[in-house]
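Look at the two complexes coming up: chain A is in both, with chain B in one and chain C in the other.
Then we have the complex of A and B:
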């Protein structure tokens, strides 16, 4: 009798042990094949001289590509732009997203419609956004110049994307517009998880709106905000589609970022060895952010 | 009964399979800017004449045409035949991507019908023939005769005259303090090397492979920089302007001159009527330079049925079909008979093309040319225009690229 009752129990526990692995296996296999294998391949290529139009020439050069990158003026220009790009785009998106979320959390008529509309920039394909903004910035017909001229804020139409002093800032503005709904939606979800009773208690105690924001709202959404910032940092750092369509990295190197430079080297110049080396260097830099993110999610899970 | 039905089905299937293997498919890549392209009509005509061959023609966007072609070749998924330009030939030959066509060409009776010298011009870097010309253009100067007349100007024939003319044409027409018309629409983005080359490579002893860092070579780049920075005769957006922008600005009356080929002539006439004309580019540094814009077709070495691919590309360069092809691209036919009956473009543009032919040149037959066109030229030119580097530095970088 005991024997009979133990077998199904044993089976169930074995099943419980194996089942998660069995169910995870397909996803892990796919990830290994389409993420980790190309990653290893990139690392391997970065140690070789590999120019795609000389397919038979795959020579081991050790760390030469990395040395060349560190001595390459364009690498440092691109790195500088990447840092500016990340350090301005993300705080701007966060701030705009926070304000939007706070507004959308208020009671007002047509609120569901406003909430749906706000997501549009995030939902549009990057290429569409890029082309739209190229037209907005156009120095001959663009609405940005027309508006500023009529307001009397500028005297001459400014070639926003053709002037190296304004090109990067113009693209940062575009990216901010594209990415703020992500923050808005995430923070809005965070806001809704804060119990209303906290605010009621605080107002009975006589806390001002600012105090309530500082002591209740901000701590309540800090976790969501942190995760959103880290995620967005990784996405923004890797994204180059909008820049590629808007300026192609130009004029000159004025809007080159590291992922874009790696892409141009590999895809346009077909120099996969050197392009891979830049990509690997950038991955190492980004790893700092990734490790921080993984530590955070690990902590949250435990 | 059942068995009989089964064997019947099986034999029908086998027959179909046998028929399918006798047929061949030619995958063809091309790039047309024209949205209503007649490739379908050409394919239908070809398939009717060659029922055993199916053509799958695919229009690839121009901006990434070569990126896609090179990667497809490496990835083992290259088309069987493709439209190709001369600047890409050295690289494609180096990759072993092209099939030589010398033997087929010797047996093809259409070869004699092609314009003189075109086969010679498109010969491969190793002396073998890979390209079959399908269309050509020569770059010339577009200008606005009405604006010239209004200001009492004549078409510039030298760079000095060009500079003065461009300055005179750059003006504020409505008195609001804004420049409304710019003298010249310069293409500072990818593809604009032909504009720069006209001002730079005409000088004695200057070419992409030699003399670029000489005084005369640097003077050419300096001339372009001065036109933009000192004279302000290019629109401020010039560093980023590509094909769409320069043609759009000219059609809209924002610029009074630009350089392009007959491919845009009909669109310009549609927008401007008689207020657009053409002339050969000015002579700079004592000599003339303009680009011979070529387009050929080639059979890829990986083609499943090279004979079928060859049949298809010769079809495009045959009398009548070549006209249809060029009506879509707006360029000029390579078949003599088709040229003689050519009525698609107003005569003044054909004349400007013919007048420019004697000094039209092609980019060097070197594997560095692709990098020059795609990255080295646009990046360095933009840096010069925006004052980031000196003209001498740009020329040195280009010379270095070709010296590698």
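Then we have the complex of A and C:
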């Protein structure tokens, strides 16, 4: 430990300047190698005709893959589903999450238990989530049909995942189930950061519970809700594993989404050039959301 | 709200019952899966799943004939390896972000935030090509590398948030007493944020354990994680729901238990940044 005092002063200050970078170097180098380099490679592959079972055939085709994508009917179907999926799943998750958070913010004896259990879907592997919902939706023995038949809401069993009309909606319900605890937890944290004195002051002034919610609670959690929605949009858009296991994109193209389409193109057709092009197009669309998010966090940080 | 306490009946109607309904919706599918997994396969389709005549036959079959134990081991190696890589690379980086001001800090932090925003599908194709060239397909290393793409940025962000919670004056005090920076980090900061490090490590473990698409693409015959094994079960034993759901329960159990253990600390770390925003 004595060598510190022996170090010349200028060396110490140089060390102080270099140290932060030195400490960052391993993490930065590794992420460059395993994240940024592969990403560039995707962009590079998207400009080539590259089918994996013809490994020597790596020909430059410029923007042909992108042109092909824009003329590809399945691309537009997948884009439509991606938009439907995001515009229904996220509001549903938000609403259910908000209700759950408001309930968890009340006082009742078993609150700690409820708070611990509500988060479970979030920790489950997507494959297991897919498995159990396929079982629930099973057309012959699934509990969904059983339940609805007994309630008299439907006349005959519905093959939820095999029918193109119901497949997307069924998956949306599953994804809502998977994601709403995230909103609940985030919003609950926001609720708890609102000072109790606001409510006390408001109720002395005679504000009704509804007005308190509208004028204190909502403004207090709007920031968290915005952040949660943006984060969730990115995650929901990214994750297609549940769909992949539940339906594989089918029946037909009924549950195709853009990332899933890119993955299937590469995985089953081994068409890495075209798959990469779709992945790049999807990323560009997603960037709009990301820029919004970064603007928000940038504002919060400064 | 704190001024008037609502009566118990009103509370039960407006809070307890709705909460219970949401919990039933949340846990119902999981419980249904569990009940199916302990039902006798032969009566499953005639009488439906039930708690009467509960059996563990599905579980014993799972380990005896399907070989689930090996899959569990593969998952364990991959998830454990990712935890080690993710944590060891991010400790010094997080300390640097938390304690120093230097040129390019904002850009570098943004870079780590940005990584998590890119679609997985953008990475999975080139990583497959890369692993093929390097001859790493179907090895544990390939999966550890792939999972690290998520784990490293995530754990840097978590650790920065934990380290920011430890006063700088403690490092400075250690350094006036003759410690170097690295010694201050090792002897003062690390022990203090050990709970945070453990929570981050467990979260990385859970996400790597649950990961499916990389495992499917980069794994194979030798390395088959539990998630891929469960999915393969769906294909092979299509209607044997007792066996399938038993596989689901076993696959989900380690992550669920770990998660319940650390959830409080983890959630405070995750939500801290968001609430400030």
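Everything below uses one rule, namely that the second predicted complex is superposed on the first by the 282 of 302 C-alpha atoms of A that agree within 3 Å, B and C clash if a C-alpha of one lies under 4 Å from a C-alpha of the other, contacts with A are read in each partner's own complex, and residues count from 1 in each chain.
Going forward, contacts are C-beta pairs under 8 Å (C-beta built on N, C-alpha and C of every residue); 3 or more make two chains touch, one makes a residue touch a chain.
As the structure is a prediction and not an experimental result, all values here were calculated from the model.
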Touching partner for A:166 - first (chain B), second (chain C), both, neither: neither
Which superposed partner A:267 touches (first chain B, second chain C, both, neither): both
First (chain B), second (chain C), both or neither touched by A:88: neither
Chain B versus chain C as contact partner of A:156, first or second or both or neither: first
First, second, both or neither for A:143, with chain B first and chain C second: second
Chain touching more of chain A, residue-wise (chain B, chain C): C
Contacts of A:103 with chain B and chain C, given as first, second, both or neither: second
Contacts of A:228 with chain B and chain C, given as first, second, both or neither: second
Contact residues common to both interfaces of chain A (with chain B and with chain C): 138, 140, 267
Chain A to chain B touching residues, read off their complex: 52-55, 138-140, 155-159, 161-164, 247-254, 264, 267-270
Residue numbers on chain B that touch chain A, as the complex places them: 67, 70-71, 74, 91-92, 94-95, 177-178, 188-190, 235-241, 249, 252, 254, 367, 371, 374-375, 378-380, 382-383, 385-386, 388-389
Partner chain A, residues of chain C touching it in the complex: 1-4, 11, 15-16, 18-19, 22-23, 25-27, 29-30, 32-33, 36, 44-45, 48, 89-90, 92-93, 95-97, 99-100, 102, 105, 108, 110-130, 145-146, 148-149, 152-153, 156, 178-181, 183, 206, 209-213, 217, 226-228, 230-231, 234, 241, 244-245, 247-248, 251-252, 255-256, 258-260, 263, 267-268, 270-271, 273-277
Residue ranges of chain A touching chain C (in the complex, touch as defined): 1-2, 4-5, 17, 19-21, 23-24, 26-28, 30-31, 34-35, 38-39, 41-42, 45, 96, 99-100, 103-104, 106, 108, 114, 116-128, 130-136, 138, 140-141, 143, 146, 177, 181, 185-186, 189-190, 193, 196, 199-200, 203-204, 209, 212, 223-224, 227-228, 231, 234, 237-241, 244-245, 259, 262-263, 266-267, 272, 275-276, 279-280, 282-283, 286, 290, 293-294, 296-297, 300
